[in-house]
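Input: structures, listed below.
Across the two complexes that follow, chain A remains constant while its partner is chain B and subsequently chain C.
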Partner chain A sequence: MSTNNLIELHQVTKRFPVGDGEFTALSDINLSFSKGEFAGLIGPSGSGKTTLLNLIGALDDSTEGEIKINGKNIANNSDEASALLRNEHIGFIFQSYNLLPVYTIYENVEFPLILQKIPKEDRKIMVLQALEWVGLKDIANKKPSQISGGQAQRVAIARSIVKKPEIILADEPTANLDSENAYKIMDILKNLNEELGITFLFSSHDSKVIKYLKRVISLEDGKIINDEVK
Partner chain B sequence: MLEFLFKGLIRDKSRSVLPVIVVALGVSLSVFFVGYMKGMIGDVVDQNARFNTGHVKVMSRAYVQNISQKPLDLSLLDAEVLIKDLKHQYPEMNWVKRINFGGILDVPDENGQTKTQGIAGGIALDLSENSIDKERMKLGNNLIRGTLPKGAYQIILGEGLAKRMNVNIGDKITFFGSTMDGAMSFQNFTLAGTVSFGTSVLDDRTFIIDINDAEQVLDMVDAAQEILGFLPNDVYDESKIETIKNDFNTKMSVETDEFTPEILALKDQAGLRYMLDIANISTSLFSTLFIIAMSIVLWNTGLLGGLRRYTEFGIRIAMGESKKAIYKSLILESIIIGLIGAVIGTLLGLGLTYYLQEVGIDISDMMSQNSMIISNVIRAKVVPQQLWIGFIPGVVATLLGALLSGRGIFKRQTSQLFNELGV
Partner chain C sequence: MIQDLLLNFKLAYKNIISAGLRTWLTITTLAFAFLLILFFNSLYTGWEYQGVKDQIDWEFADGQIIYKEFDKNDPFTIESGHHQMIKNENIAPVLIRQGNLYPQGRMLPIAIKGIPANQSIVKLPTHLFHESKEEFPVIIGEAMATNNHLKKGDKILLRWKDKNGTFDAKQITIVGIFHTNVPTIDMGQIWMDIDLLWKMTGLEKEASYHIVKGNYNHELKSQWRFESQQDLLKDFISMVEMKKGSSAFLYIILMFIALIAIFDSQVFSVFKRQKEIGTYIALGFTKKRVTLLLTIEGAMYAILATIIGSLISIPLISWLGVEGVTLSSKEQSQQMGITIGEKLYPMLTSKLLFSSIFWIILLSTIVSYLPVRKIAKMNTVDALKGKK
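And then the complex of A and B:
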């Protein structure tokens, strides 16, 4: 395994208990991602895309194998250690935006920084900068219910990049958006990848997303069937 | 983070207002219940102590055996010496003689023939000018007509009894009864005034005369049917009373004479021990049930709130907050909600209690056939216990609800929880 890789998966298998037996969601996965990659996992439902994202995002433990982020094995991390890893190194973008409805746009973006205990003045600078990146600085005081789906996803992007993570995991980020907004979002993400050097890992079946990817990993029945660099 | 949590709590009404209302209602009910019970118990204690039992009552052993009949022939003799001794042994107590007796009151017409007649119960107490016992009975405050007796052989009637006998101030009333030795006794009295004791059983059946007049009429000079003892300021303290009772009775235990004085405490008389114990147990039971019921309600509220907030928890996990930290924040929120609800509930409960303390509920219509010494006006009483009796359970129940409902976060695998959130 190369030590220059940001993410490394070595013979990773994930099995879930189902009734009396087990279901193998991922089988013997070997993958690595370098810093600054713009890669995606594609495949039909049940192929293991989300499970793989969960493992990389330290939301789940592999049954077998080794997962390293920045060279550190995250398998069997404690809940606190996994939380710290997510807080410091990983950002998430979701299909359904998942903004906290009672907080303003500004406060939603500010939240990851509060967890990092960054001083209020510094937080303000960072939040406004993140909102500027996604072009939403002027709606900072609005509530999620007052903005469109496209804007909400841009807020979610701002929230994920505000702490300047090394990795962003995006699970079907354009699934709820129309074509125009989907392209806008992908343009923003591509720019962030190029300007900030953030490593993006998508899970998607959307051709609009796939079009932007520099590396496409195809999964089927929990196995990698193709790994193509464009 | 605290500021962030506060904002969420204030803005999300279902997270704050509903639980606060639940806690406040529960706490206020609990606080009010305690105030109501204390008021009622206090009133029963006060009324019985003043009119009947004292905080302690000294009687002869033989009298104690037949206390329900109030037999005059079993009264204590050499009462003045005994009172002097009691004052010496227990100087903090106020000791007074009382005689309870019964007889026929006869009101004659202008020809000396019976106009009205009826059986009544008499209470003889010190009605002299500086009498503490007179003040204790609040006779001056409760005077309806006329004045208090200022001379010998003057009588006060309960207003209900006076009306029933159709007498006016200054009318002659003849008492027929029996002396301490069982001889027939009669004496004319002049009606000085009428009083309302605030208790139907007393208003309709009781008359009051001075203890010196009673001793003459009943041939009981230097005898005492009952000697009542009261703690300073008439404030009842069960433990002090029990100490005095046990001390006195232990000292007297060597005596074998049936006329040896014996002390009964307030709770030993008129079935009060049972009633007061039941009242105290029910108060404790209610508080315990309240904590359990509130915990279940708040657990349920917490569960529903928690389920509704799963998306939020999922987002927070994704942002890098640990399950432990989320659980801690839930507990912190519950403490804040519990405190706010408990403060509101306590104030509400105290307000209701104060209202009922000052205004009261008049139940005189229901008490007309009653034979217990219970006030015609139910009043609650504001007591220090109310400051914590609802407050602590309110906070504890909210906390318990959050602890139980929050366990769901730990029971699940992070990814399982995360997926359930629909994140």
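And then the complex of A and C:
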């Protein structure tokens, strides 16, 4: 196995307890991503896309197998180590934005930096730069409840890129957006990928998303049925 | 670590403040409970302080040497409750006899108390005995005077028994009315020069008890027992402490309501804010830290309530400490022989302040923690999706 892979999955299986038995959501997944990829998981509903992203993002634990980020197996990470990994190396973009409701746009974007104990002045530069990337500098003082869905998703993008993570996991980022906003978002993400070299991993049904992907991995019933680089 | 904690406090503050009216209702209730705690306890502390001081100044001095057959709570022990006095320049003898006054044709059973005219151990204005030209000068307290419509200069018939049990009677003259908060040296009694009382009764150099100034460290004969200031004040202090306890009822109920409100909002948080909790975790919080954050949120109610409560109650109670508070039960207390002033002056001690703050914050923190413990068992992925 190559060691300069950013993400490596080795025989990963995820089973959920269901009633008395178990449901296998992912079985024997082998995958690797190198730095700078712009890849996506596609497949029908229930095929395991979200589950796979959650495992890579250390939001959930695999039942079997190894998941390596930067060569380090995260399977047996402590709560603290997982939290640190998410804070420093992984950015998330969710379908429903998940902004913190009581903070302003600025504070939402600033939040990951505060956790990293970055000094205030540096934070300001970084936050404004991130907001600049997504074109939202002028609404920095609004609250999430005062902005549109498309804007909210751009704020979420700013929040995920502000700390310059190596990986951004985006679970159906355009599902709640109209096509104009969806394209806008994908343009932004593509730019970030190209200019900052951030690795993107999507999950999507959306053809507008799929059009942008440079690598498409198809899942069905928890198995990889196709993995193609465009 | 400190930085993390500070951040948690900031976030917690933001979160509860943005919750609006409900937050302020809870904080107000808690702050009000806090204010009542401080007010009532300060009031009783002030009373206790004043009462102790008054009783020392007027009655107990630095202790009393009491004839063992005499019990101040039992009038039947007065008759034979006396003995040859102890001679010492730092103690003053007091002899108590029973008698009847006949003001305006009524009969008023009273205690006649004799005390040396030249004593300066207690505040009783006994110097008036010598300054007066009257044959039988007595002084009485203000409550005794008011209750029985007596005034300075009144001449009243007094009947008493001498040591042989023979009745005798003389006109006494009220030469002074003193003001005291201590009803046990005021109500139902008259004070006269002990020399005079000795002569009237033939109980030369006899005393029921002595008032002590300073440290009395001479050996006592077995007929006498020494009661220290503390012994003498014990009943009063425990009575005030009991009153303190009974006033707790009001603020305990308020505290209870506030704690339930906090508990309730914490249950609500864990239930309704799952998506937010999941987001914190996705952004790099551990579950422990989210639990801590939400616990601090709950504790924040108490922190804000004690800050606001302090800002109101410290100046308020300090002001009342100067102005005084009139208690409606004052008359009743006096009739029961309890020392109480016209006004009570609340005394807010730092011990009371800080221990109340400590307890309120501790209780709120515990109540806040109980519902949010659940976060540890929460599934992050489910939480992120929000409430299903």
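The definition used in the following text is that the second predicted complex is superposed on the first by the 230 of 230 C-alpha atoms of A that agree within 3 Å, B and C clash if a C-alpha of one lies under 4 Å from a C-alpha of the other, contacts with A are read in each partner's own complex, and residues count from 1 in each chain.
Heads up, the rule we're going with is that contacts are C-beta pairs under 8 Å (C-beta built on N, C-alpha and C of every residue); 3 or more make two chains touch, one makes a residue touch a chain.
Because the structure is a prediction, the values reported are computed rather than measured.
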For the overlay on chain A, clash or fit between chain B and chain C?
-> clash
Between chain B (first) and chain C (second), which, if any, makes contact with A:His10: first, second, both or neither?
-> neither
Can A:Asn54 be said to touch chain B (first), chain C (second), both, or neither?
-> both
Tell me which partner A:Phe94 touches in the superposition: chain B (first), chain C (second), both or neither.
-> both
Tell me which region of chain B runs into chain C after superposition, given the options 113-121, 365-373 or 383-391.
-> 383-391
Of all the chain A residues, which ones make contact with chain B and with chain C?
-> 50, 54, 57, 59-60, 79-80, 82-84, 86-88, 92, 94, 96, 98-100, 102-103, 111-112, 114-115, 159
Given the complex, residues on chain A that touch chain C span 50, 54, 57, 59-60, 79-80, 82-84, 86-88, 92, 94, 96, 98-103, 111-112, 114-115, 117, 159
Given the complex with chain A, which residues does chain C contribute to the contact?
-> 3, 7, 14-15, 18, 275-276, 278-289, 379-381, 384, 386
In the complex, chain A residues that touch chain B = 50, 54, 57, 59-60, 79-80, 82-88, 90, 92, 94, 96, 98-100, 102-103, 107, 111-112, 114-116, 159
Parts of chain B lying in touch with chain A, wherever the complex brings them together = 1, 4, 7-8, 11-12, 311-312, 314-325, 413-415, 418-419, 422-423
